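Starting off with a structure, shown below.
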Amino acid sequence: MINKIVASVEAALADIQDGSTVMIGGFGGAGQPTELIDGLIAHGARNLTVVNNNAGNGETGLAALLGAGQVRKIICSFPRQADSQIFDGLYRAGKLELELVPQGNLAERIRAAGAGIGAFFSPTGYGTDLAKGKEIREINGRMYVLEMPIHADVALVKAETGDRWGNLVYRKAARNFGPIMASAAKVTIASVHSVVELGALDPEVVVTPGIFVQRVVKVPRSASGAAPLKKEAA
Amino acid sequence: MNNWNRDQMAARVARDIPEGAYVNLGIGLPTLVANHLPKDREIFLHSENGILGMGPAPATGEEDFDLINAGKQPVTLLPGGAYFHHADSFGMMRGGHLDICVLGAFQVSVAGDLANWHTGAVDAIPAVGGAMDLAIGAKKTYVMMEHLTKRGESKIVNACTYPLTGIACVSRIYSDLAVIDITPQGLQVVDIIDGLSLAELQKISGVSLKQKH
Amino acid sequence: MINKIVASVEAALADIQDGSTVMIGGFGGAGQPTELIDGLIAHGARNLTVVNNNAGNGETGLAALLGAGQVRKIICSFPRQADSQIFDGLYRAGKLELELVPQGNLAERIRAAGAGIGAFFSPTGYGTDLAKGKEIREINGRMYVLEMPIHADVALVKAETGDRWGNLVYRKAARNFGPIMASAAKVTIASVHSVVELGALDPEVVVTPGIFVQRVVKVPRSASGAAPLKKEAA
Amino acid sequence: MNNWNRDQMAARVARDIPEGAYVNLGIGLPTLVANHLPKDREIFLHSENGILGMGPAPATGEEDFDLINAGKQPVTLLPGGAYFHHADSFGMMRGGHLDICVLGAFQVSVAGDLANWHTGAVDAIPAVGGAMDLAIGAKKTYVMMEHLTKRGESKIVNACTYPLTGIACVSRIYSDLAVIDITPQGLQVVDIIDGLSLAELQKISGVSLKQKH
């Protein structure tokens, strides 16, 4: 019997290697797998490349992972925020490499990795500094930039409900990068607030089929779930 | 002469959004447009983080941390709205399915080039977010901005000096002084505040302007 | 008030032009919008380019559209079947142009059109006759073929349930090409078996958001719905 | 010597599919493998038309026209299965998420080239379906076929004469005579029917074969 449910965050993350590329879901706080990030800090893997839309807020979650000095490079679209002081400090000190990617290209490059696309031409960023050095091409009268897939060793995503085959559904706009990151990593680890029996998820509404998920770990909702906005979500 | 204030600018933009339009409102000033959309029109708001049919801010105490907009402020979903993942959300944008996108700007050139993501300052930490996708994705990209910088320089320029967000992508500018179309025949003034002449506007702007007919 | 529900198939199809590219959903019989195809035959638009996985089965549906002489070219992956006699005859007589596309490239090319991708490198078909004349490239040690998006003027798709904003959900494997075709056409016309009030569709389970749908028309289930397999579904 | 029959071939393939594998079974002979999957293993069947967790054929009278497999035959869905659209389904395949794909073939070359979609006959109407995606998408592509054509020619060849489906994509052949691995060191015989020697198999096959150790 296949059972992808893992007993603890620690067990779910145990085999993450130094030097890994780790995708982390979330858009700001929504969909950020806080418990898995905390687990990665406790785990201590270093020299990581992190893929996330942002570069951490406040002093917790991704910001804390950066602060712990475990990250060598971050690939993201929107690092600078009012409360991105940990990223800012590391970046200014030259301790953190930044690959800045327009958000839609970031999403599409992740999706391309999951879908086996070798590269694609995107109109986004043409003529801008973020396309510098990239191949360009005119197609049917419009200019495009060649963009490469972003693959990962590990994806950490936050979902709402999962089952033992790894099927996932999300909650509201916390879905964001979860489904595409799950498809782009060799090992996808999902935190869920609820584990249900096989067949309890309607096959019409499964967002991430279990083929993309290797481990599922249940975490309490209180720590990261929907709630009145917290300070760090600003 | 009285410059339009932020709410007047937002109302002016809102007036031009037709019923049934699919619209993305950028972070900052454009967000205000949502407050001025005519109540008798059904207009569909898209948020880059995977929402279509976005509604107004929730009542205090009703905020849901999983339902936020691109600016990470709590929002609601209208009946008939839908959620989807990030690749689908930006596919929607890049694929030309949005009718209108309203963005803020540092500079807009007479050719419709947009600079709104980076001042280019050497020590600035860059952050682009969805700006470049939004700039080139919608059928029409509107810019909503103060006409002048705090130092009194025109933000409408012959060529952007700030790093570009997109090329030839802006079709209309809503400023606190005027509404200006960017056309292959140059800039055409659609609307102007009371007490300001076209000649005066052109002088302030430092670019060639014509009255739209 | 926006209301995309149209009273009749005839009204929904009225403005289709001669020479249009028309995507038609379905994989064999599942998801084939039979009533819309019949409507297109009654409408009489000619010189069409049709995009479908197949090229018609038996004497009804897409086969009948071909038989009526309305189609100039078909883009599909699997035209030859035991009961594709109408296509076979027209093709052999040189009356119908065929663009044969591997099924995954067909799906991805349609998806690319909907998502604003200018072109993409696919590993599928490399080194085969179906890649002849196409640009190839080695990326990270693997060979790829450059594939172009397929845009359409009109998409005809069959869904299960819709609302007045054009939101759609599908039924089981009848989903197939529907969602991507809806995204790739200037005008998408969906047949549904049920029209529900706005808000009745759970926003978590909407498969095709209304932004991709211009017209929705209700058709009775009996004519095309799930049922014991019919002869033409073989 | 007794050739393996179709069910024996299917059982032989099924035996090699481990628990937890994500598998696509091609149209025709490979479809039989589903009937022989060990009942004590959970194996996930993918169907190109947007199904994961495909179950067996339904009872007569229970067929659902909206739930068919790639061969357009009625199937069922297991608890825990899911539906998705065609781009997602082929992304799953092309992205290397399937562990095993089992396909029929006209010819397989010693380099693992596969020809299974077209005889190349001048008057034949071509049809490719998902064959080319399946050939190159899975982590391992297995071919299941009669060893010889009806005219007694080996279907394992030094170079395919039929139009190719994919290049260097086949890793193992299950025929009615043998199980053969395609390796960088050449063809290696894993299993062979009773009463047939390696030398005899090589003579029949017309290609160089070694015993796998």
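Read from first to last, the chains carry the letters A, B, C and D; within each, the first residue is number 1.
The criterion applied here is as follows: contacts are C-beta pairs under 8 Å (C-beta built on N, C-alpha and C of every residue); 3 or more make two chains touch, one makes a residue touch a chain.
None of these values were measured; they are calculated from a predicted model.
*Asks:* Between chain A and chain B, what's the gap in Å when you average each chain's C-alpha atoms?
*Replies:* Those two chain centres are 28 Å apart.
*Asks:* What's the distance between the Cα centroids of chain A and chain D, rounded to whole Å?
*Replies:* About 35 Å separates the centre of chain A from that of chain D.
*Asks:* Between chain A and chain C, what is the separation of their C-alpha centroids in Å?
*Replies:* Taking the mean C-alpha position of each chain, the two centres sit 33 Å apart.
*Asks:* Identify all positions of chain C at which a residue touches two or more other chains, and write them in rising order.
*Replies:* In chain C, the residues touching two or more other chains are 108, 111, 115-117, 122-123, 170-172, 203-204.
*Asks:* Find every residue in chain B that makes contact with two or more other chains and list them.
*Replies:* 77, 83-84, 87, 90-91, 93-94, 137
*Asks:* By the document's touch definition, which label belongs to this structure's chain graph: line, ring, star, complete, or other?
*Replies:* It is other, because the touches fit no line, ring, star or complete pattern.
*Asks:* Can you name every chain pair that touches?
*Replies:* Chains touch in the following pairs: A-B, A-C, A-D, B-C, C-D.
*Asks:* Inside the complex, what are the residues of chain C that reach chain B?
*Replies:* Interface residues on chain C, with respect to chain B: 1-2, 111, 113-117, 163-165, 167, 183, 198-199, 201, 203-204, 206, 209-212.
*Asks:* Help me check something: in the complex, which residues belonging to chain B touch chain C?
*Replies:* That would be residues 19-20, 22, 42, 44, 46, 52-53, 77, 79-84, 87, 90-98, 137 of chain B.
*Asks:* Quick check on the complex: what are the chain A residues that touch chain B?
*Replies:* 27-31, 53, 77-81, 84, 87-88, 91-92, 98, 100-105, 107-108, 110-111, 122-130, 143, 170-180, 207, 225-230, 233-234
*Asks:* Can you name the residues of chain C that touch chain A in the complex?
*Replies:* Residues in contact with chain A: 108, 112, 115-123, 137, 139-140, 142, 144, 148, 169-172, 202-205.
*Asks:* Across the complex, what residues on chain D touch chain C?
*Replies:* 47-51, 61, 63-68, 72, 74, 77, 83-87, 89-91, 93-94, 118, 123-133, 136-137, 163-167
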